[in-house]
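Please find the structures below.
Note that subunit A is present in both complexes that follow, paired respectively with subunit B and with subunit C.
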Partner chain A sequence: MSDRQAGAGQATLVIDGAEVAFEPGESLFEVSARVGKRLPSLCYDERLEAFGACRLCVVEVEGIRNPVASCTTLAADGMVVTTSSAEVEAWRKTLVEMVASENREVEVDPLRGHASQELSRLVARYDAVPGRFAGEPSGKSREDDGNPFLLRDYDLCISCYRCVRVCAEQQGDHAIGIANRGFETRITTEFDGELRDSACVFCGQCVQTCPTGALADRKAMRGVDVPGEIEKTRTICPYCGVGCSVDLMTKGDKLVGVQPAMDGPANKGALCVKGQFAFDFVQHEDRLAHPMVRNDDGELVRASWDEALDRAAKGFRGVVERHGRHAVYGVASGRAPHEAAYLMQKWIRTGFGTNFIDNCSRA
Partner chain B sequence: MSRLDDNDLLERFRKLPAPLLPLLHAFHERDGLVSEEALEALSEGLHIPRAELYGTLTFYHHLSRIPGGQAAPRVCTGPICRYKGGPEILEALRKDGATPMPCAGRCDEPVPVLFGNEVRVGSSVPELLSRPSPLPVPNPGAVEECVFAEIREPDRASLVGYERTGGYEALRRCTAGLRPSELIDLVAESGLAGRGGAGFPTARKWSAVAEATGGPKTIVANADEGEPGCFKDRVLMDHDPHALIEGMCLAAHATGASRGFIYLRYEYPETLAILEKALDEARAAGHLGDRIHGSGFSFEIHLRRGAGAYICGEETSLLNSLEGKHPFPRNRPPFPVTHGYEGTPTAVNNVETLCSVAPIVRKGVEWYQSLGLAENAGTKLISLSGDIQRPGNYEVPLGLPLQTLLADWAGGPPEGRRIQAVTMAGLSGGFLAGADLDVDLDEPGIRSKGSFLGAGGIMVFDDSRDMVQVAHGAMEFFAEESCGKCFPCRIGTRRLAERLAQSHGPRDLATWQQEARELSVVMRATSACGLGQAAPLVVESLMKYFPEELEQSLVSGWSGGNDER
Partner chain C sequence: MSNPLSDMELPNVMFCIGTNMTECHPVAATRLKKAKAKGAKLIVADPRRIRLAEHADLYLPLRVGSDVALLLAMAHVIVREGLVDGEFVATRTRDYEAFRDHVAEFTPEWASAICQVPAKDIALAARWFGEAAPGAIYYTLGITEHISGVDNVQSLSNLALMTGNLGKVGGGINPMRGQNNIQGAGDCGAIPSGFPGFQACDDPANVAKFSKAYGREIDCEKGITKVTALDLAGDKIHAMLIDGENTVVSDPDKGHCEKALRSLEHLVLIDIFETDTAKFADVVLPATAWAETDGVVTNTERRPQRLRAAVPAPGEARPDWWILAELAKRLEMPGFDYSGPDEIFNELCSLSPIYAGLDWDLVGTGAYQWPVPEKGHPGTPRLHETEFPNGRGIFKKILYRDPAEVVDDEYPIWLTTGRRLQTYHTNTQTGRSEGIDYFVPHEVLEVHPEDLTAWGLADGQLAFLESRRGGIEIRVEAHPRSPRGTVFSSFSFAATPINDLTGSGYDPVTQTAELKVCPVKIRPVAENEPVPSS
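And then the complex of A and B:
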């Protein structure tokens, strides 16, 4: 039941027979979720303005003739709400079957994006039959859009417009819009072109909020055939000073992708193009696999760790002896792990006795 | 006149309220299309992101993006015109770039074809000519009328003619001292309710706006008469434009509004010119503008032309369209009476509703109430079209038996034919047929048959028509006009249209009906606005009245899928 007691003067409503207190401005969807009844939805993303499109979250309110979308209806004192009558649940099943009918498939690889399993989960939850209400599919994939990051596989699009809304409301780019009407609706850039010719900055937020995988992370999808289960490891993106929380997705010892943490306090699901897509260097074949030093001809040749460290120490020591400790300046790389960055500053500060330490992520 | 460049156009409209639509039209007419360059200029000038503006542009039916598209003919292939030569005219004009358009609101005439800003009507290409829309015939029942009472008077469309026949007397009473609250009380007593379809009591809407905080308050005349088979607002505006202006002034006086909009559908270009002229006359005569009649009451009206989208007749979609946003309907609450145009308190009223107010003020509440039959107050305009001897607009006392209108007033079906079905509320009310044709024309009467009176469009289909085909055409219309926001409407209208065309879906009657019922129930219960809630009535009433025809069609495999609209 309610996680807060209804005090004197506190507004309350009744949800499925239980009296619940609420804060002004809370929607029925939010109040319902707070008391453990997460209503089904496809157009809902808690970071965005409630939209009221998918109608899966409709609930019955006493005194109102038609059911209302719980996401767009604010809780009001004395409301009596039934969230999931048998009739409403039957409508939801039909709605899920209608949505499934406009898609090529409902099972998509989770590497496509953070929210990509929402439709398939609902199909399972309602035991919906995707083949019912068969007809023309609604979307049209943009196979011509050759950007390296975002797959625009609109055959799977269900026109919830979360991509358009996250681009406008969260990212502020307004790179995509809604073209045409009704079943012909398409997600479009200005003049229906490719993303690279639009205002898109490839932050990938549209990918991560897409509930069907119609927008997919092309980089992560390279790992679809890598054997093994996806494991997620929470960390902080090292690329800059904002501190976005990310989940590194690995299969075995292979990094296959990055997803933003929706509950990251600094980013709430947002990332930039680097944090989202620029992780190839980790497993890149051009990476140094062993220390190297220059020989007498100035060529880099393979060396042992002792040899390399001795050479570095000698160089630094010489500089400090000639010019003093403040002649040393350290810059750590944004591509190095956080632990390495920490050690780097420790080394400069206590090793040399200078505060001339920086990181290219300080932006 | 020299060609105005982008900046000239932007400067002309940018500072006016609701600038996007007039700017789109200005570019469209100057260039013959809305080009990418125009869109970039608009985006920059109005600070609307390009992708959003591009999307909004593609939402509208009539804004062309191909050279010469603005002037290319659009041929009505609506529910009536498709049987009167519309498809044949379309084929004949294909060489000129003709495209089909949904019902253009001239259903009492031969097929309308839009050439740029001119409507020509005719049954075939050689017959196409431009002419004023017909006046309503004298009331065949010889009953007293409200909004049509003076419309046939000579020169009624001009200020002189309007004033000679009682025009602006009601407004003079207001500026001479009739207080806003008194005006609202009067309208409340009359029982006047919205004539656009929803039937919401006019006085309640007005007092909600009057009591709402914030401003400036706004009056919007919904003249986006997009419902197929409805052409009543057109005749009012064409032949009695000052009645609308006076009605809006009265609404503004009642609510404290200082600005008004007329949102006129694209397909009425002649009406646009008539309204422009009437607005100029009204301003010049001091009936509109600053300090009307020398009183403290000021009110201005801005005329805005739609661009072809049925959903913009839905009031919140209309408001988004005016504001230059993507014309999806808004979530309610909040309602327009508190959060309307640009978030200000706004009364959106139908043209017929607004035109009814001045006669009520002038002739009295009791007079208005006495116009209806039995318990009903007042009258309703009915646009009657299709297989009927005398199609046209009729002002009927609410409560008039439908059969009286069809047989006595309009002469019944064509010689040798029988009326098979009629539609209600244009297409939105679905069909009535058989014994249910014995019904009184008032909301309780029609609702008892599972339909509704709505905006008052009635299309008649005689026994030569294939009702499955008619239903398919209707559902295609809804599918094409669905805005695409809410899932049940966007998907449901398409799936029902496919099932009526038999391009998809089950072929045995029982399963077909099961699916259709399931889709219909979900659409009606969960759609976000009236379009999706009403659209299934077409299929439900088809199943109710014409199960044999439906089964026959499923067995023989009729396919209307190639029907173009």
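And then the complex of A and C:
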């Protein structure tokens, strides 16, 4: 199943009987994933440094006595690796059951976050029984934090530290930390207070990498009771010029939330507070739903498209008749798509033969 | 940007000037933080101690509007200390000798007197940038929204040229664009100087091409900018069609702007909300919004990407392109029969050399950065790798000029404006998104704590802030981010129309308004005192 020919001189290893070439620095996890064997994991996020905490990704390596975590073990020439055996599978099942037993619930709504289904999927895959072990939750929920965006439901925390690591490594803000060690370990913010008073910028990246929904998208969760299946549509954030790729989450005709696109060329899974949470202006009741024209009393009143377009056209025609074609000016938007800007300039150039066109970049 | 966003993780020295990147382009800033974690040095020049400055290895708190002085002195040091990339200068540039002689007199000590940054820090910044391999420059409106905006950009270009940092992986000059399709609006020809693809509209060959394509004789001369058009409203300009821009809140000198719009005989707006600008409109046409519209937008690294509709628009709202096409047909303009946005985008590609190799389907995954001169071309992540548009990069001799207005006895305080992390532009969108007001319920004026005391103000108090053009009431907030003598506010709240005050001058070339510098005075207001009119 190798997607590369093992050329002369290139280091290779054997995974489940097949010879595979690899690049120096690749982990066993990465090499396996590349040949189509995605190993089970909970603490893994391909954008982050491997952490080796959950042990679900263990594999057997010939000549090494105990199974090793594949995410933190680098591939080496001549290694012979087995990714699945009866023992390893039994061990994984036990691990999943232990982790799941700590949590109040395993099935969480997918609106909680991009990775929120990882634990429940593993439970299903291993047919694990969540209550088999007496577990203590790793954290305590912070119902007191009144921020509108991030739910801190730490009862569901499994101490994979993906949130801490995404904050430090991806966002670069170090707003989330780890308090205490060992059995007392808790995910927290500096000073253990509300997020608003911390270094948190509410980018939402912790929410999107959390594998259990312990950190969750409070705003999207308002849509939990909206009937219908979640559908995702790939588009681009409406705000700044970075152009982050996002997936719009809809249920029927309702826009319920936004998730970052992990493969977005500009953002690779990152977003900021605006792109992540400021989406609901779209279906706001203030939206203009009908054309409006100013009446004789000076008020803007509802009109049909025909009336409004005729009135608009008539006004331009009249101005050209009275003042000439250089009296008309067009301003395109920096927030509407190309087709709007292109047609706006075409409208001016075709209609009036001038270059009296600009956009709002000067403001 | 000359270089792709992914290059932001690669420089070993990053020079950020006039860019509040962690608030205005947050995801781009995460890449700089990653470069820093790998050991790169970060130099930040900004009047305010912004969050990015907290990450900096060297912070240069320059006085608003003094960028040229700082940059001249950096060039001076790079020459003096022999850090010029001789080979790049010899093979890729022009007019270096004249530039070298020009900067000889602009020492860090000279600049320090103007920009109030210690001379030794200016020299250190120059040394770091001169020794960088590669060094990258990032800037935003803090560079362009000045009467010397073009001079500022050219000064940065001089720095990049003399150090050979153009056309290199991890280098470049990188302006960060502030709106999701502001780059695209230019690409599409919605500018008075160029047709789609920045083809000059005073070049007879281009004029002939578009006159033929559009079936109409087009003037062979540049149009006027929006700023000039507003100046001429009621005089030479009598009708405007404005798409999606809340002009009276976002533009400088609100009083002037309102007067201009009022003096038009005919104003048609296309928008998604009834904004403050609608007060002046004769007709308001409802457009579909983001998430309701299929289309293409181009980001700051020249990457066209697809917008996709996911939900229906409210009521009778229609896509901008449909509205424009209908309006064209009613004015008997030829060539506006389109079946959908794909057809329009493909027409744009056929007329624009930088998009010639693209079409609606090809931009679907955002895999290309323009120029894409023909089908099969992989796109151009980095500009200027082998040559510049005019062959060689030209050094420009720039002189420092004061801002249009400088502080004096009557208006002793510098006001500078910008955006905040959570609110966007005039807040018509973020203000209608639930939860944003948890962070930013209303506008405040950020004032250094010691200035508050010196000016007889208490933290949180209402104050009257006034420039030569107008005054507003605004709440003050003690903020160590503001330097002594400089105050800051965003332009996101119509209730605090800071642009009543701004608009002291415009760059003579681009006519970009000097929104970053405005001398003001301030005084406390008792909570029940009537607002003075000005």
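FYI, the second predicted complex is superposed on the first by the 289 of 363 C-alpha atoms of A that agree within 3 Å, B and C clash if a C-alpha of one lies under 4 Å from a C-alpha of the other, contacts with A are read in each partner's own complex, and residues count from 1 in each chain.
Following the convention adopted for this analysis, contacts are C-beta pairs under 8 Å (C-beta built on N, C-alpha and C of every residue); 3 or more make two chains touch, one makes a residue touch a chain.
Not measured: the values here are computed from a predicted model.
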Quick check for you: in the superposed arrangement, does A:Ser245 touch first (subunit B), second (subunit C), both or neither? second
Taking the superposition as given, does A:Gly353 touch the first partner, subunit B, the second, subunit C, both, or neither? second
First, second, both or neither for A:Thr235, with subunit B first and subunit C second: second
Which of subunit B and subunit C A:His323 touches, first, second, both or neither: second
Once the structures are superposed on A, label A:Ile176 by its partner contacts, choosing first (subunit B), second (subunit C), both or neither. first
Scan A:Ala341 for contacts with subunit B and subunit C and give back first, second, both or neither. second
Between subunit B and subunit C, which one contacts more residues of subunit A in the superposed model? C
Let me check the overlay on chain A: which residues of subunit A are in contact with subunit B and also with subunit C? none
Touching residues on subunit A, where the partner in the complex is subunit C: 146-149, 169-173, 196, 201-203, 219, 231, 233-245, 248, 250, 253-255, 264-267, 270-275, 277-284, 286-294, 300, 305, 308-313, 315-319, 322-323, 326-351, 353-363
Okay, in this complex, where on subunit A does subunit B touch? 42, 50-56, 58, 66-67, 69, 72, 74, 91, 94-95, 98-99, 101-102, 132-136, 138, 158-159, 161, 168, 174-185, 188-192, 198-199
Subunit A contact footprint on subunit B (complex, rising order): 36, 39, 49-56, 58-59, 309, 311, 326, 331, 333, 479-495, 498, 503-505, 515, 518-519, 521-522, 525-528, 533
